[in-house]
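Paired with chain B in one complex and with chain C in the other, chain A is shared by the two complexes that follow.
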Partner chain A sequence: MNLAYYPGCSGLGTSREYERSTRAACTALGVKLTDIPDWSCCGSTPAHALEHALSGALSARNLVGAAKVGCDTVATPCPSCLSNLKTARHRMADDGFRAKVGRLLDQPAEKLADLPDVQSVLETLVTRVGLDAIRAKVRQPLAGLRVAPYYGCIMTRPADVMRFDDPENPTSMDDLLTALGAEVVPFPYKVECCGASYGVTRRDIVARLSGRLLGAARDAGAHAVVVACPLCQMNLDLRQTQVEWPGGRAVDMPVFYFTQLLGRALGVPDAELGLEQLCVDPAIAFRRAAQAVAARQAEEAALAAKAAAKAAQAKQAASANEGGRA
Partner chain B sequence: MDVTNLESVRDDDFIHAVMEESGQDLTHCYQCGNCTAGCPCGFAYDIQVSQIMRNLQAGRKDKVLNSRSIWLCLSCSSCTTRCPNNIDVARVMDVLRHIARREGRVAERGVTTFWDAFLASVRKHGRVYELGVVANYVARTGRVWTDIDLLPRIAPKGKLSPMPHGIQGRDEIARIFQRYEEERTR
Partner chain C sequence: MRIGVFVCHCGSNIGGTVDVPGVAQVARAYPDVVFSSDTMYACSEPGQAAIVDAIREHALDGVVVASCTPRMHEPTFRRTVERAGLNRYMFEMANIREHVSWIGKDREANSNKAAELVRMAVEKLRLNAPLYPKSFDVTKRVLVIGGGVAGIQAALDCADGGIEVVLVERESTIGGKMAKLDKTFPTVDCSSCILGPKMVDVSQHPNIRLYAHAEVEKIGGYVGNFKVDVRRKATYVDWELCTGCGLCMEKCPSKKSPDAFNEHVGVTTSINIPFPQAIPKKAIIDPTSCRQFVKGKCGVCAKVCPTGAIRYDMEDQVVTEEVGAIITATGYDLFDYTRYAEYGGGRYPDVITSLQYERLLSASGPTGGHVKRPSDGKEPKTVVFIQCVGSRDRSVDRPYCSGFCCMYTAKQAVLTKDHIPDSRSYVFYMDIRANGKMYEEFTRRAMEEYGVQYVRGRVSMIVPQGDKYLVRGVDTLLGEQVEVPADLVVLAVGAESSHGAPQLAEKLRISYDNYGFFMESHCKLRPVETNTAGVYLAGACQGPKDIPSSVGQGSAAAAKVLGLFSRGRLESDPQISQVDVRRCVGCGKCITTCPYGAIEWMELRGEMKARVIETVCQGCGICTVTCPQGAIQLQHFTDNQILAEVNALCLS
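On to the complex of A and B.
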């Protein structure tokens, strides 16, 4: 498999730890990533909200670049990049659209007819590497860690373009985290929007939507939220101090990239996973997990002691009975 | 009571433009309200998304293009996913933004100012330079206190790049924008 890699702009800045942990986890799993040479921005929402051919051209330049280095598939960690790259490729089937995009690019439109497929790094890991292979490589299971998997709104939607997992109730990240030894809590807001890039312009929107997500994770008893999107992560982690907590009860809720927990379970040193770059201290989650494990062990020990006492009592009663008969 | 004579406000050219550019058949909407029920941002809208669909069918161009809702739509595709008639509602909302921008109608100036700052950064460097986008947005809007509370949280994390990551093909990207502008004014 010739896999091209599209890091996305935020990987050079606010989602540096996603970028680092993605590369570290892929290396640990033997997945080779070939960076698209001189890759450029996909234009994200500002481009598709302005004009679809512009968005298509900014995305297509990268897909053409991936094809040039002989790759048949492009993997990207960022759902916004994923959505733009995939949508561009999808729309390129339309002759009119392809011609329009061709007019914006240096390359002729013919090159745009057969572009590489695009997938998320999550999809690459669960479909190409596979859960069994990942499970076999787990060296440090995430025992006791209760996690709320949050996929974000566009990794699986719209379904006819994204063609991965269930659009409303995805389970790929649940399955991955379970394979790593974590306990996945029932989380009803898996694909509900966090408020996207409106934190800068309309903070009230992000405060409400991200607050609702964090509140649901809190109420489900999660030790942490696990995400696959740089923008979701920023809203839930960096902006956690700005959100409206339902019921007014704020907690410290660590927000991991799934690649960070994957790397940790695979035994990658924390320093390569950028855990220290998270805003809410990730140690809080690991501490809660350790406490959960200790509590469970204590409970099991108490149950075992109780059972042993009961057995001893029964034995004593039985021997007393026998003594009476004799 | 707000009474409108639907015959007098119906703009057929507008209806056709939206259908053509979005590739969606607006007549398929039967007003079930699923899109509105699932829209996470409806609380901030002035017109709910199902009402936008109905106004589109009636050709009420001003009502739709002057709304705040089209700028507050988060592009999350809940509406598209839940439409029983397979209308890509999120794509319709995108196209409404395209038409409104072409006509210079923007009811939520802050949103487009941020987007413009973002695209200006892409055009200049080939990749987004996050600090530059925020600085540009602040300069254009005068909102100098934007997210100042987050600075002590993020600054020690070593994530914000002090400098842009320019690419070699910067000119190529600038040409894409230039051709886009030429096509637009043609």
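On to the complex of A and C.
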């Protein structure tokens, strides 16, 4: 497997910690990422909102670049890039569309017929590396950490383009986090919208939608929300002071990239994972996890003591009985 | 040979894009054609009379009609030529409507193609020979597969008509889906009160032999003479002795067996009679949960049974039945709603199916007819019904409408108000399809008299919130998103084909559609027949159907069987294969390739040859293309006849 890596523009800016932790975790797992030479923006929302062929051309340009360096698969951490790259590849099956894109890229259309496969970094880790291999490399399990996995709205949808996990109730990140030793809480809003780029134009929408997500995570007893999308992370983390928390405001829900927790469990130093770039202090989650572990240990100890006392009592009673008989 | 050609205008159907008189003119020059004319409607009475007159006047010994598809009218014209004294196989049909006028607009090209098709028919007819059907005896017994309401009706009608019926039911009791319903729309009468007497009639009718907990394993033979192997699955109870007293159920210590009759709302005992009105009312042991089978010791039921009916060592038994016709009434299954992850995919205990809700409403159900939430047993005050779960949704490969869900949802909403007067019901719907007698009036009553809130739109997701469920959807009439906090959500799951339906279809040699529903012979004019003679359809095995339609089809299928059996003997189609023993080298390829088992070995002067069993051969022609010697020929479609057609086409 020759894996090309497409970081996406936000990986160089707002989600630098996602980018850094992805590379660090992949290195720790022995996954080699080949950078696409001279990669460019996928066009993001503006391109496909304007013209599908333009969006397709911007994505295809990067896929062609990946093929040039001998890669059969392109992995990207960003769901928005993933959506554009996958959609472009999906549309490229149509001869007319391919010809249009070919004209835009100044390339013969037949060169665009067989482009590399595209997958999210999450899919790469879960399906290509495998949960067993990851579990075997865990050095610092996320014991006691209760997490709400949040996939965002476009990672698995539309189902016939994304073709990964259940479109309405994905479980791959749940499984990964469980393999790392974390405890996954039942979270019904896994694929609900956070408000996305409305954070710029209609902050009230993001306040309502992201607030509902954070509130549900809190109500489910989560110590942290775990995401796989730069925009989701920004809305949930950076705007946590702005959102409408159902039932009162409390800015105390750390929002991790899943790669950060993966790296931590694999023993990668925090400095390489960009934890310091999170807005809500990640220490809150780790502190709560430690408290949970301590509480459980205390409970177990109490139970053990109780059992021991009971056993001793029984023994005493038995010997008393025997003594009586004797 | 003296051939007459009749070219039909079919009004403007053919005449609109084909020069019909011109084609008739050209046909006059074809070999052996002594008469040719055009006719406005060949199938009409004057049209047929003209054919009869022409045969007599011109002493014709063969007729070609160029008109429509032979599927519909070939039998018509065969009877016409027979009336004029010809053998019915001295007739050919050229399809210049479906194959020409309806598919092309170019009048000249159409006319040329029509003329060529007529020429092919003429050339084939020149090699036709008179064929004569043979007659054979009929076993006047019928097999009915499936004991739901459609099968029950078919069985009773056949039995009342004086013929013996073998009724095979997969479950341990007849009654099907209808037996699980509490009430029926649009009259809201009690389902088991109207079905129960019919079930009792089945058990008491002297002409009906009921095999419950049995399945059809193998079907051989042909119309009039089918041979059917029925596997009677082990019940571990001797039903001759079992009186249905129910003492075994009372004492059974294993109380966690899946309760299929109650749609898995709750559990039941391992030895079980599914419901009080079951027919036959006999106990059956579930070996997957029974302690005697799982742990090897228990034997409580054997100890308490007053008639000593328990048989832990019982084995399946295969019985063979001979019948002359088969009615399939295998019904439907419910769509598996767990495929909708947005509705919880089975994770939420208080999101249930409509049939589960039906069991909660039923007095004989697991809650004694009190509506209680599965999670905590509380009475729900807000119930949300979601329609079209697994219907009209291409994303789950169920593009069709299941037909009855709109009505049963309205009924369940009405019943909810009856059971819980201070409750509130919401129905999310796409369209209300209430196109039966009194149906529209009934849904109106649900809205107006019972105050059921109908919301036009789909539900996008269900989210647990505290001890309620937030149902989020859209009201497309308001153009707004709506959220309803519900205590209970009922999914109106659609119908899909019964599990095992395609496999049964293959045993019966009938066709089925993409979704596993059995194909009728003609969607309008032969709705209960199949393309296999002697096999008929009743009820939802042919497509989703409500009770009145299923009962109607059950009676219709019975009428077809009674009609078939009213003739003393049946005629076999002479368009079958025949072996030329002088050319047959006995390679046996035809025997292995025949899908009907219609070819057998025979010994002729010490040599092995193939022989066609005339009554079994269906005339498919697969053997004729397999035979390396050309020794086996399909009558009426011999190699020479087909070559004559090809030559006519290539030479013209």
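A few comments on the model shown:
Going forward, the second predicted complex is superposed on the first by the 324 of 326 C-alpha atoms of A that agree within 3 Å, B and C clash if a C-alpha of one lies under 4 Å from a C-alpha of the other, contacts with A are read in each partner's own complex, and residues count from 1 in each chain.
By definition in this document, contacts are C-beta pairs under 8 Å (C-beta built on N, C-alpha and C of every residue); 3 or more make two chains touch, one makes a residue touch a chain.
Owing to the predicted nature of the structure, the values given are computational and were not obtained by experimental measurement.
Between chain B and chain C, it is B that contacts the larger number of residues in chain A. With both structures placed on the common chain, the touch criterion links A:V129 to neither chain B nor chain C. By the touch criterion stated above, A:P167 is placed in contact with chain B and with chain C alike. Once chain A of one complex is fitted onto chain A of the other, the partner contacts of A:V64 are absent, as it touches neither chain B nor chain C.
Once the two complexes are overlaid on the shared chain, A:G199 sits against chain B while remaining clear of chain C.
By the touch criterion defined above, A:A159 reaches both chain B and chain C.
Look at A:P188: by the touch rule set out above, it reaches chain C but stays clear of chain B.
When both complexes are aligned on chain A by C-alpha atoms, chain A residues 159, 167-168, 192 touch chain B in the first and chain C in the second. Interface residues of chain A facing chain B in the complex, by the touch rule stated above, are 9-10, 12-17, 38-41, 43-54, 57-58, 61, 100, 103-106, 153-154, 157-159, 167-168, 191-193, 195-205, 208-209, 238-239, 241-242, 276-279. Considering their complex, residues 340-342, 345, 347, 395, 461, 463-464 of chain C touch chain A.
On the side of chain A, the complex with chain C involves touching residues 159, 166-169, 186, 188-189, 192, 216. Interface residues of chain B, counted against chain A in their complex, comprise 40-41, 43-44, 72, 74-78, 80-81, 88, 90, 94, 97-98, 101, 108, 110-111, 113-116, 118-119, 122, 126-128, 130-131, 134, 137, 146-147, 149-150, 153-154, 157-161, 165, 167-169, 172-173, 175-177, 179-180, 183-184.
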